[in-house]
Amino acid sequence: MKVSIIGATGYTGEELLRILAAHPAVEIAYITSESQNGENINRVYPHLSHLYDKKLVSMNKLEIIAEESDIVFLGLPHGHAMAAGKRLLAGGTKVIDLGADYRFRDIAVYQKWYKVEHTHVDAPSVYGLPELYRSKVKEAILIGNPGCYTTASILALAPLVKNELIELNSIVIDAKSGVSGAGRGLSLNSHFSETFENVKAYNIGGHRHTPEIEQALSEQAGNEVVVTFTPHLIPMARGILSTCYGTLKAGVDSTDVDQAFAKMYGDEYFIRLLGRGGYPATKNTRGSNFCDIGWHIDSRTGRVISVSAIDNLVKGAAGQAVQNLNIMFGLDERTGLSQAPLYP
Amino acid sequence: MKVSIIGATGYTGEELLRILAAHPAVEIAYITSESQNGENINRVYPHLSHLYDKKLVSMNKLEIIAEESDIVFLGLPHGHAMAAGKRLLAGGTKVIDLGADYRFRDIAVYQKWYKVEHTHVDAPSVYGLPELYRSKVKEAILIGNPGCYTTASILALAPLVKNELIELNSIVIDAKSGVSGAGRGLSLNSHFSETFENVKAYNIGGHRHTPEIEQALSEQAGNEVVVTFTPHLIPMARGILSTCYGTLKAGVDSTDVDQAFAKMYGDEYFIRLLGRGGYPATKNTRGSNFCDIGWHIDSRTGRVISVSAIDNLVKGAAGQAVQNLNIMFGLDERTGLSQAPLYP
Amino acid sequence: MKVSIIGATGYTGEELLRILAAHPAVEIAYITSESQNGENINRVYPHLSHLYDKKLVSMNKLEIIAEESDIVFLGLPHGHAMAAGKRLLAGGTKVIDLGADYRFRDIAVYQKWYKVEHTHVDAPSVYGLPELYRSKVKEAILIGNPGCYTTASILALAPLVKNELIELNSIVIDAKSGVSGAGRGLSLNSHFSETFENVKAYNIGGHRHTPEIEQALSEQAGNEVVVTFTPHLIPMARGILSTCYGTLKAGVDSTDVDQAFAKMYGDEYFIRLLGRGGYPATKNTRGSNFCDIGWHIDSRTGRVISVSAIDNLVKGAAGQAVQNLNIMFGLDERTGLSQAPLYP
Amino acid sequence: MKVSIIGATGYTGEELLRILAAHPAVEIAYITSESQNGENINRVYPHLSHLYDKKLVSMNKLEIIAEESDIVFLGLPHGHAMAAGKRLLAGGTKVIDLGADYRFRDIAVYQKWYKVEHTHVDAPSVYGLPELYRSKVKEAILIGNPGCYTTASILALAPLVKNELIELNSIVIDAKSGVSGAGRGLSLNSHFSETFENVKAYNIGGHRHTPEIEQALSEQAGNEVVVTFTPHLIPMARGILSTCYGTLKAGVDSTDVDQAFAKMYGDEYFIRLLGRGGYPATKNTRGSNFCDIGWHIDSRTGRVISVSAIDNLVKGAAGQAVQNLNIMFGLDERTGLSQAPLYP
């Protein structure tokens, strides 16, 4: 299978390259970068030496890329992916977009939160969270690959809202992310000396992953869900921990909660249930496509606290994209994703 | 003023020594350690060389220590401080206990959460959170110095409950702590390779700082407050960030919230209000006795999110203890606590 | 091929399990632990869940393990491996020891530096540094797998001493290691709060990897080499950077140095030559079996500085052991070791 | 005493503000920034709130600043400080420059390494390393404050070269620095995700602190000293560890070395001698003006290894500048510098 990556030099593109290097069914066709056009990828990322020896090209000849690729990953900023996506689909290739452009059913929600006009309104996109939408992913030609906070938070809460175990207006999501989620672009917020030995919240009430979480949870619940979502930046490179709070409905007991998780995820390879009382740790997922989930009942307050851990660049981005590719092409879902987490 | 420290070799004791080295009115009388009795403190902590040249002694002659000290800090494990506190008070000295033994009004609460019988039931203890109990601290001879999570969480929430701005049953506290909070004792949980590049929650629903938070908030509210409290361990040495959620009562608007914080803390030197929309960062408080607070209204969900940052070893332990000492002895509250935070 | 691991719960044993999980020709027969005998490995290391579901057993029935294994890795403390090695070899299996017991040609050197009597003096051991001893490894039934500092330092210096480019008495090796090199055992030296935001040297002139480096360099040089070796502990989990200094012999120029590296390593897959002026970074090797090497001529002082980077747990331990296994069994050397480094 | 800081928003300027906040004899007159002219310093650095409430101004009216200041600190890039220094001296104030412009006796050396023409050739500058040049500092009106690597390396080696204990052509300096040394300017080299869990060397043979080290050591030796100097970047914010190697001259023994350090530094408050066998750790100096030194004899190779640790922003920059100020104005050298290191 021939695979191309548009925008290959960000952390997401580089992570795709890392994963695909071990994927037995994939051959890289094109990798693009406008700023480093003509450069060998192993000059940009020396850790890929002896694994890749390939030049970055411009994305301006997108039609050729479409023609010579069975599938194309888009690693472009939101607002830019949809133009490329349109041309690629027209060229007959499949597309997985790792940004936000194809994640929303309701274009108005996208436009409100992202302040950009959507120019590919009738896109046949599928939301690529396999554990919830696997059958649709199987038929898809265009995937909107979920965000990192989103993946962790939805997976932690879906069993609770789907099975009507918590009050829908009670959800609070407190998430902690490593700095790689902010990408490779330079900013004081990812300057080492500022970020090290530091923790802070940001974008309270306004982070763009909020509507994405609400969209999926509302579908699971069959009712509108509105959440409070607070992202935090913590001093590590990879990993997201999402601590999710909800008030149990009257009459719900701990067994109901246990069963909801078991029923929804008991057969999922990439979700590891730590059970009631279990404590996920981001380190246990680092470098892998696993999402670890544990949950707790706070009987004093009647709340359930569901905690999930992922590697933001893998299950929260590139790994999930490869999982989607596997499903779209009828491969075993684990193909190329069987690496054990890197611990310690 | 002659000051002694019982249990001087833990991080709290060492932090007291750091702070007191710059306190103009204090002279160290005795420092004790049972395990390193006879050792010079600057062998145990080489960073204190050229600042201290003093031997650790055993605490077995507590009466002599009491006689020769104007005040004694207790840095003993919970359950052990009360025996020492009793003897020290009997010896005529004042006492500030940095552990849990003297923090609770209701002994039953202490005994339930700490699984220890309280043996100093009639102790004349005052809860040493100066911003809420300053007048009592002024008269006190025995202080129960608050815990680290506790200080951050109470200060973030007190204006909201005192002014009846949030539903009392809606409080969720999601706190993140550096590893020094777990002390200098060895454990896999503070083993570098396990903790680095890692984040996890622990003791959900069962952390012992929970009842302490509830005690103070209930007093402020004039009604019983029960909270969900979730501590997390993050890969840094110092600092606590406490992210506190509450549902606004009907009719409360953002100005009410702003005013509540301004009224309660506007004149407090050690509390720095970042205002509505402000984002505290632990790094801004590192090494100092400051508590930074910012708050946010999530109008989509009707919640207020109040965020506080402290240095767990300073405002969360030793610094607050020195602040209490200053108040008890009629000194300017800032004496010895005027160091700027260490940044970056 | 059936593989067993004696002492599977240290970081080296766990890293072997991580690598072998992706090795197509290997099946795990036994994993042992005396302290956690009977426990499932995925309870000890939850990150291995969904990859392994296997109980740890005691190593007391070593004969059965030998019989049912084609090869056995030893992850025991020095002084203990040789007893196990003897019994395993007698049982007809091959052995790779990841400790020091089988690394020395001259038993007296081992006994002097390790203060232990050697009890398996006639062991048919081969020093398992494939880039220097590949043909011997191919025939070996017993491998002494090199240490982590050792691997990095020897590989950086071998071309220089073998080609007589530097004065043999001029070598200084200044090495920096992440904390995982100290293992999972608890100590103040790997206590998070002590190690974070800290760097220090240790064991100057006395580290046990010194004679191992000297043994290999002396063989390459054909003359006795004595080095100054200084290890440092730096605040990261994985990785070793070895900065090696030597005085160029009269008449040697930079081209001679370039050619020496190219000739020795030009065809080696796991050694990536960054060339003259290149700067290895441990992060580029993390999680992989690569050793990156760059070198510099300081013409003002007539020295060459050769710098190497490895992941101490992979090329410095478990990865190199698997590389040796591949060679011993006639497999492609890269089998199971084709993972890209984890970056960032 | 009225003090101004030109270029107050870099880490060095900010560190001066931190230290001076606790200096009893200092009042801040002006703080300047061209990029943030008009902004309050506590908006740029929120950690300084409640300690400073002062606006940044432009440096264009340097004559007024000179007139109203008893001393001015320069925190400008090299090449820019000399123009300001000239005008300030002309205005009658004293000057301490924290950059390189006034550090070199031989202007040609400056111009060769810094590729800038020197425009203040006859400046009456004194090299501000008090432990070596205290009497000159006392009389100075213009100080070239030493660099961070420089301070650590010179102090570690001065007793050895001054007392003719090592071969002058044998010196190798391997130094490790935290990231704050690279300042607050954004670059991929101080981007969190790139720097975290990483170590690398840089500028081998070409770092600009090299000639500064050589200048001081040559003066101490009374002969020209040329060194190999290798800086490394390690994942921490503050701290430099300098590991210095030299070959002992024939006949020199360990007692000679011990005595050289004792004689030179025995009475120095800011130098803490850990003795032969002592291991300095950067953490022990963090936030303080101390320089810790330990040394080791490697009798197998005839080398002495001297290791020093400092906080690069304090003894390596702002703290040393304040130490110089104290000396210039006849104050106790420790004034404002008596803070204990922040540990852990």
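Letters A, B, C and D mark the chains in the order given here, with residues in each chain numbered from 1 onward.
Keep in mind that, in the parts below, a residue touches a chain if its C-beta (ideal position, glycine included) is under 8 Å from a C-beta of that chain, and two chains touch if they have at least 3 such contacts.
As the structure is a computational prediction, the values presented were derived from the model and not from experiment.
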Give me the step distance from chain B to chain D, shortest route via touching chains only. 1
The chain pair with the larger count of contacting C-beta pairs, comparing A-D against A-C, is A-C
Tell me which chain's centre, taken as the mean of its C-alpha atoms, is farthest from chain A. D
Nearest whole angstrom, what separates the Cα centre of chain A from the Cα centre of chain D? 46
Chain A to chain B, mean C-alpha position gap in Å, rounds to 39
CA centre of chain A versus CA centre of chain C: separation in Å? 36
What positions in chain B touch 2 or more of the other chains? 11, 178, 180, 193-194, 196-197, 235-238, 281, 283, 286, 344
Sites on chain D touched by chain A in the complex: 11, 178-180, 184, 186-188, 190-197, 235-237
Residues of chain D touching chain C in their complex? 169, 172, 174, 176, 178, 193-194, 196-202, 204-205, 226-228, 230, 232, 234-239, 241, 243, 245, 279-283, 286, 296-301, 303, 305, 307, 309, 344
Within the complex, which stretch of chain D touches chain B? 11, 14, 17-18, 21-22, 45-51, 180, 196-197, 237-238, 269, 272, 274, 281, 283-288, 290, 292, 338-344
